[in-house]
Amino acid sequence: MLSAIILAPLAGAVILGLFGKRMGERLIGLIACSTVAVSAALSLYLFFSHYRELEEGSRIYEYLFTWISVGSFRSDFALLLDSLSAIYIVFITFVAFWIHVFATGYMRGDTGYWRFFAYLNLFMFAMLTLVLADNFLLMFVGWEGVGLCSYLLIGYYFTRDYANDAAKKAFIVNRIGDFGFAVGVMLLFTLSGTIFYFDDPARGITGAFDWALKQPVDPFTAGAIFAGGITSIAVLLFVGATGKSAQIPLFVWLPDAMAGPTPVSALIHAATMVTAGVYMVARASSIYTHAPTAMLIVAVIGAATALFAATIGLAQWDIKKVLAYSTISQLGYMFLACGVGAFVAGIFHVFTHAFFKALLFLGSGSVIVGLHHQQDMRRMGGLKKYMPVTFLTMFVGWLAISGVPLLSGFFSKDEILYRTFVASGLPDPLPKLLWAVGALTALLTAVYMTRLMVLTFWGKERFDTHPTGDHSDHHDDVHAQHGGVPRESPRSMVLPLIVLAIGAAVAGFIGVPEGLSGGVIPNYFEHFLEPSIAHAPEPYVATAPVQAAEDHSTEIILTIVSSIIALLGIGLGWTWFNRKPLWEPPKLLEDKYYVDEVYDATVVEPVKVGSTKLLWRIIDVKIIDGAVNGAGALASKIGDIFRSLQTGLARSYVALVVLGALIIIGYFVMR
Amino acid sequence: MVPLAWYLGLSALLFTIGAVGVFIKRNAITIFLCIELMLNAVNLSLVALSSFFGDVGGQLFVFIVMTVAAAEAAVGLAIIISIFRNRESLNVDEADTLKL
Amino acid sequence: MNPNSIGIDYHAVLPEMITAVTAIIIMLFDAISRKIERRLAGAVSLIGLLAAAAAIISLFGLPVETSFRGMIIVDDFRLFFSLIFIITTILTVLISLRWVKDEDLPTGEYFSLLMFATTGMLFMASANDLVMIFLGLEITSISTYVLCGYRRRDLRSNESAVKYFILGSFSTAFLLYGIAFVYGASYNAASSPAATTNLQIIKSRIESGQLFSEPMLLAGAAMLIVGFGFKVATAPFHIWSPDVYEGAPTPVTAFLSTGSKAAAFASFCRVFILTFAVTGVARGAMETLQTTWTEALVVMAILTMTIGNLAAIVQSNIKRMLAYSSIAHAGYALIGLIALDWRAVAFYLLSYVVINIGAFAVIEVIARRGDKRTEISDYAGIGFQSLGLATALSLFLLSLAGIPLTAGFMGKLFVFKSAWAAGFKVLVIVGVINSAISWYYYLRVIVAMFFAEPAVGFKTPAVARSLVAALVLAAIGTLYLGILPGSILNALERAGSSSGEAPQVLRMQSP
Amino acid sequence: MDYILTIITLLPLVGAIALMFFGRGEKPNENALRWTALVFSLVTFFISLVLPARFNSAGGLQFETNVSWIEAFDFGARYHVGIDGLSLWLVVLTTFLVPLAILSSWNSVHFRVREFLFSILALETGMIGVFVAMDMILFYLFWEVMLVPMYFLIGVWGGERRIYAAVKFVIYTVVASLLMLAGIIALYYMHGSATGTYTFDIATITADTVTYAFLDPVAQSWLFWAFGLAFFVKVPLFPFHTWLPDAHVEAPTAGSVILAGVLLKMGTYGLMRFNLPIFPDASREWAPLVCTLAVIGIIYGALVAMVQPDMKKLVAYSSVSHLGFVVLGIFSFTEQGMQGALYQMLNHGISTGALFIIVGMIYDRRHTRQIAEFGGLANVMPVYSAFFMIVTLSSIALPLLNGFVGEFLVLVGTFSSTVLPSAKLFGALAATGMILSAVYMLWMYQRVVFGEVRNSENRTLKDLDGRERLVLVPVIALIFFMGIYPNLFLSRSDSDIKAIRARVVSGERNGRPAGILAQE
Amino acid sequence: MEQILFAVFAFIAIASALNILLQRNPLYSALSLIGTLASLSALYMMLRAQFIAAIQIIVYAGAIMVLFVFVIMLLNEPKDVPVIEKAKGLRFLAIPFAGLLIAETFYVIRTVPDIQMPPLPAQEVERAVGTTWSIGTSLFTDYLLPFEVTSVLILMAVVGAMVLARREGD
């Protein structure tokens, strides 16, 4: 059953990849959507049919075959369903299905239709493998697989150089992260002797998490990072997460990744793949909880990324870029949550974020299509009357991400901020500081999202209604018809928007913090997830598990504060950007703090130039080959010397023979 | 009585003169003469040793050396004649086309 | 007088007699019929050589015995080397048959001289007395002097002959002086004969320490090294060989670089391995002598290999290149000599002879009348125009370089193996490095033949049947010795066990 | 006695000789020649499939033939062939790649086809011989003889600087392998004088290394390097690698395929066959140095590959990088590392072989390999681009493709090694190869395949024809299969690798302290 | 007395030998060599090697040297050709090489024990070592084979000399 979930999209990918070229668009769309639908249906079925067991912490395995088995090293092709992966597959397949549906409309007329859906289905296979894997290596399969699909889909428009560059950048930056991940797995194997998550006596395997739980907690020192212990594992795995989930310092690929078609951005670069890092950290919570230093790093990086990306998001003109930075920022939140030990909150935010961010992306896609492939917000405005459904659904998304009370984003973000504030595992001023950063980010989030909405849907109509020839740069689709009055998107695109908008609005209710509702609405989410998440041993308790006796007043106060912040942000943005929609943001922000340029100058160029000039032309050609050829030349030189004895004169030969004879006779008689 | 060493010494001197002559003279025939001188120097040694030892073997060796020298002379002179026919010169320094 | 008291044993000198008589018969034919069929001369030579081979083989298995009052010895050493010489001459005759006619040279004398030279070589192997060694060496030398200058109108041939003659007879004088010294050193008033040139007696005198003068012996040995070193062309006495080989007519070069070298090695081994080396417990002056000559030859061997190979790299004439290569090969063979393993030397020389004549056979065909095309650049692009010749030459060159599956490899392996067993590890290493260097120049020819653009004006030469036969024989020999050396090695091994105590390597202080 | 290995080894040579007598005439029928060669190589391949089918996973030498060859003078050289887990798949890899090489050059070689095919088939015999030889002399024989056809392949059918490349290739290899010859002789004597049995038999010597402990550490070190240098040059390990780019660039496609696919493996195979089991102490002693060079090779090869303007040169340098992994894995002395190394050898043979075939296909069309000449091939050659993509991904070790299994095993083995000092550092540094391989391969792929068609000459390029697809499909299938179900391969070599490792790790012989063991 | 004789003949031998080197004309060199050969013959007599002394004069000086002189006369080198000398430095090697060679050989000879010539036998003086009888006896017993082989040598030399020296077209 589990394997069917991953194999259905794989089958779709294979069929489309091999035969899709000869199929019609409808058939392609049907195959692609139906395979995901199968996965989604199966996921839901499994989720509900095993709800109780999962809630109690049981794990359901499906062993397919042993993949690699060498000595003590073993990795199986085996799938694991526990509450964490169950939640994940449910919302992933759900969101993905609707994005697939959206894409059937969005990609209409594209020459590479079959290719697109083949990739998309392949992505689903990889993502589900990542989630359902029962060991780190199989997770790595999915981990790299989603990276590959991301690469293929970002570079989907392969004739465009910027898309190719973006794709390559995404893959390589991800690979840098994967490097950390792989080394982390290796270290894990070295220390624990296994890369499986959990003990499974049926297969005779031990699990790294069960091992980790038996280990003492690593000391809370900077040295622990390099000590080669659990902290090192955690940090290395987190390096992988920073790559996949676009955290400082490896976030640079995600904004560029917007070169891909918008459904891709929604599915991969907002809802699913980029949250894999969070999933992994949550999955490895038993390791992280034993590595307080790593937790600190995760929290700090998360918070810093959240704020950093939010400031950049404030200053972008490209609608998708804004959403991209927003995604980075939100991912920062999730890591902040994990870092302070609130893994459940982190996952919850992943869950809600999947809805509203996918919604926002698809909405933006709808706008882009409506405007005939215009992504620059300076050329939008006043769209709400042309695209009412898009506007309304995005409106929901806007409020949700801004944290307006009772929408999904509100609950999840709140939970994170609260948990941060009360985090006990971190040295004292830090929780408050991180909370402040989070709160500031929340404010900025509200501001830039308001800016996006205002610039897009309200105000003057700045778009060009006449056909233009200016399509050389930022167009998105091949089937673009330029100019013309914007109009609402077709049904296949609108329907997913509506579904996701509903999700974005109500998804939060399954995880209402108990302190907030006073226990009226049970926090299903947390209950369900709890068995899959590890808790740190006593002295290091990072997060206080739900305790009825706890005083909820702090939580309520903080909730009020953050609600105010959200509304304040919206208000600020509303007033400011309604007045000055085209306000020039600071150059530093618009140019993204010049991070790309700095990377280019400090890493990319030196490596390129150094490789060409030093390694190749000097070491290889001059020194090594020089030595080789030099040895040859030396031999020839010596040969020339020996040969110069050969004067051609018999008499000089005689003299040489005499000399030789003198030496030999001399040697003999001197004995 | 003349000691054996004197004969051997004289032989060594003659041998040396012959050897030196081979590489300082340029005329092919003179060089050949020097080689003959060397052979004769050796002959002297052999005869002296043979006589002092009272062993006739050395002298027979000399006999054979003389035969060899005769044969060598015949062939050597023939070679010299044949090269002279082509080069009109007996100077061995001119025959240096084969070198290096 | 009873013939047996003077040790007359015609069987023991039968091979030499056959070759000498063959030489005379050819001459007589020449005298009778001025227009002697060259084929006839060649055929007679071949018949004579085969008969001599048969005679040699008939001597196998006989007990080791001297005859003619210790002048001649019948032992396996001699027989193996003799067979090598016969093979050499057979191949040389085959590659010369057509050539003599093409060059319009006196046929009868040519083959007759070749047979005389063979007689001399055979004596060099069978000699058990310095007198016989000297005589054999002179017969070989003098006839090859003539052969070098055989193309009388060619200045290069003249020059080759005159240089070889001057240097050759000069070195003979040294050899002779060395013999005189050894003779002098062997004097022992109490024994009979008082002094001797008989190698076995000399050996026993040295071992018993009954010497007239030890320095005299050493000086004599040194001069013998000069003499033999010259003949086998080891550094620094190699100096004559490039010039002589280049100038001599190609078949003669082939003969010179193989037969006369092998013969010189035979005498060299006879004197230094079988005479000047310790076999039993008795040491006497032998220990000093053996260590001294070993040390000297080690240095010479290293020099020889290195000079030969390095100088060959920079040659542009293929004959000259092979001359240097031949110097290098003398160096490898010398390793076997130093290791006191004459069987390794014999096997090495056998393989070398077969390969090298094969190579020269191709060179002869390519060079055409008057040895005109002997530059390596003349070989440009001929590979696919004369595929057979080029392939054969490639095989021989690679074999010279020591590629496995060919005789060259087995020869080297055997020599290196012996040297290692005897403790001369440095020599093995140097030898190995030198073989690596040698690849470069052997490959150059292959590069020219197969990889370079064809040279203009190359016409595929017609190849005489006799030469094809020689090529095929050489190629088969090269491969046979390389792939299935077992039978020959077995024979050599049996030879080793039958000839009494083996000479011992004296362990030197330094490795 | 089992003659199957002899048949597999000699069948290509028989084919080669058959070619010589086949259709002699003024103008030979080129296709008939090609078919003959192809049939012979295919038959060889199919026969060789019997080996894994009948192979006993318990390991040890199998399919042995052991007959006397040279006995005189204690030579003790025998015709002894056999395979164990180490060589099993390498033999199959060889027989697999040769038909592909012949097919891939079907239309690209028109000059002297007969001789070309002769060289390839002769080369195949040599290569198989190296893997099956169980006698040092026999091994050396094949090792050296194989150079000749390769030399001709590069020299005659190569590119512009073929002469330089061919000579460099041979000289480099010969210099090193002659030292191995000295090593063989030395080993032979040391073994013989210690045991009284003079033999070149690899299995006997390997076994006696333990029983008699006849090699002291110093001798081991010397021999380690005498053998090692020959293998390191062949691998090629930095800094002995400079022959490789030249040889690859100049060689014809078939030559490059075989060179990369099989020849390089001989070096690493030799290390596992000789250096580790026979000189275990020296292997341990020198492992840090070797691993350092391997890691340098991994990074250096990748960096230099990155900036190459020539596709073939890029792939050549990438080989340096990939083979660095193999060497590292071998000298990690862990089961994972060594199994990974063995697997990586197969992977590299297939992936890099395929890359050369792919580069060759485009070279046949455009007669240039300069990356700058291309761009946008995906527009005109979609099938080609798809194949190229899969092979590229295999080369950058994407999970579920073959490259990953080997590379990861090597890394995990290295990382977790307890015998190798600072193993974690080596492992981590080597892992950067993961990043760099993505950089250079994807960058090249992008520049060649993606973008608009800029060069008008590329506009009319034909996509792959049936023959070309036929060449690539089995490779692609294997790439997937080996990535998904590696255990089929790994299980066969398991016990033999274990045995080799056990020798190196249990280092108590020769009076050496068991300190390293104690850490285990 | 004997020593004086030795000194005289030795002096003549050396002087003539040196004269070979000093003469430009090969003819004079040849004549000088004959001088040396003759004085050697005298020394042989002193060494009681009568037979060798005789053939030294008859064969060597008489036959071989005459051949030389004959050839020198035959090959009359034109006088007017410029004297070409390459490798001029060689002559400077003459003294050191000669010195070294003499030093080495003398070093060896120095070690030779001082033995006396065996006294002439009381009976059959005509059969003493060095007489024709002794030589002849040895030649046909101990040295039979070398003696026979010399004939091969001479035959070969004749063929060789003939083939090289005869005129073209013969």
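A, B, C, D and E label the chains in the order they appear, each numbered from 1.
Here, a contact is a pair of C-beta atoms (placed from the backbone, for glycine too) under 8 Å apart; a residue touches a chain by one contact, two chains touch by 3 or more.
All of these numbers come straight from a predicted model, not from anything done at the bench.
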Partner chains shared by chain B and chain C (touch criterion as defined above): A, E
Label of the chain whose CA centroid is most distant from the centroid of chain E: A
Identity of the most central chain, Cα criterion: D
Leader among chain pairs (count of C-beta contacts): B-E
Centroid distance [mean C-alpha coordinates] between chain B and chain A, Å: 97
Centre-to-centre distance between chain C and chain A (centres being mean Cα positions), rounded to whole Å: 79
Centroid spacing, where centroids are CA-atom means, of chain C and chain E in whole angstrom: 30
Centroid spacing, where centroids are CA-atom means, of chain C and chain D in whole angstrom: 43
Touching two or more other chains - residue numbers and ranges from chain B: 8, 15, 18-19, 22-26, 31-32, 50, 53-55, 57, 60, 64, 68, 71-72, 75, 78-80, 82, 92-93, 95-99
For chain C, residues that touch 2 or more chains besides their own: 131, 135, 138, 142, 145-146, 149, 152-153, 161-163, 166, 170, 181, 184, 189, 215, 218-219, 242-243, 440
Per-residue overlap in chain E, given as positions that touch at least 2 other chains: 86-87, 90, 93, 97, 101, 104-105, 107-109, 112, 115, 142-143, 146, 150, 153, 156-157, 160-164
Chain-chain contacts as defined at top: A-B, A-C, A-D, A-E, B-C, B-E, C-D, C-E
Touching residues (chain side chain B, partner chain A) in the complex: 19, 22-26, 31, 92-93, 95-100
Complex contact set, residues of chain B against chain E: 1-10, 12-21, 23-27, 29-30, 32-34, 36-37, 40, 43-44, 47-48, 50-57, 59-60, 62-64, 66-75, 77-82, 84, 88-91, 93-94, 96
Footprint of chain A on chain C - complex, ascending: 162-163, 166-167, 170-171, 174, 215, 218-219, 221-223, 225-226, 229-230, 235-237, 239-240, 242-243, 288, 292-293, 295-296, 307, 310-315, 437, 440
Interface residues, chain A side, partner chain E - complex: 647, 649, 651-652, 655, 658-659, 661-662, 665-666, 669
Of chain A, residues touching chain C in the complex: 632, 635-636, 638-640, 642-643, 645-646, 648, 650, 653-654, 656-657, 659-661, 664-665, 667-669, 671
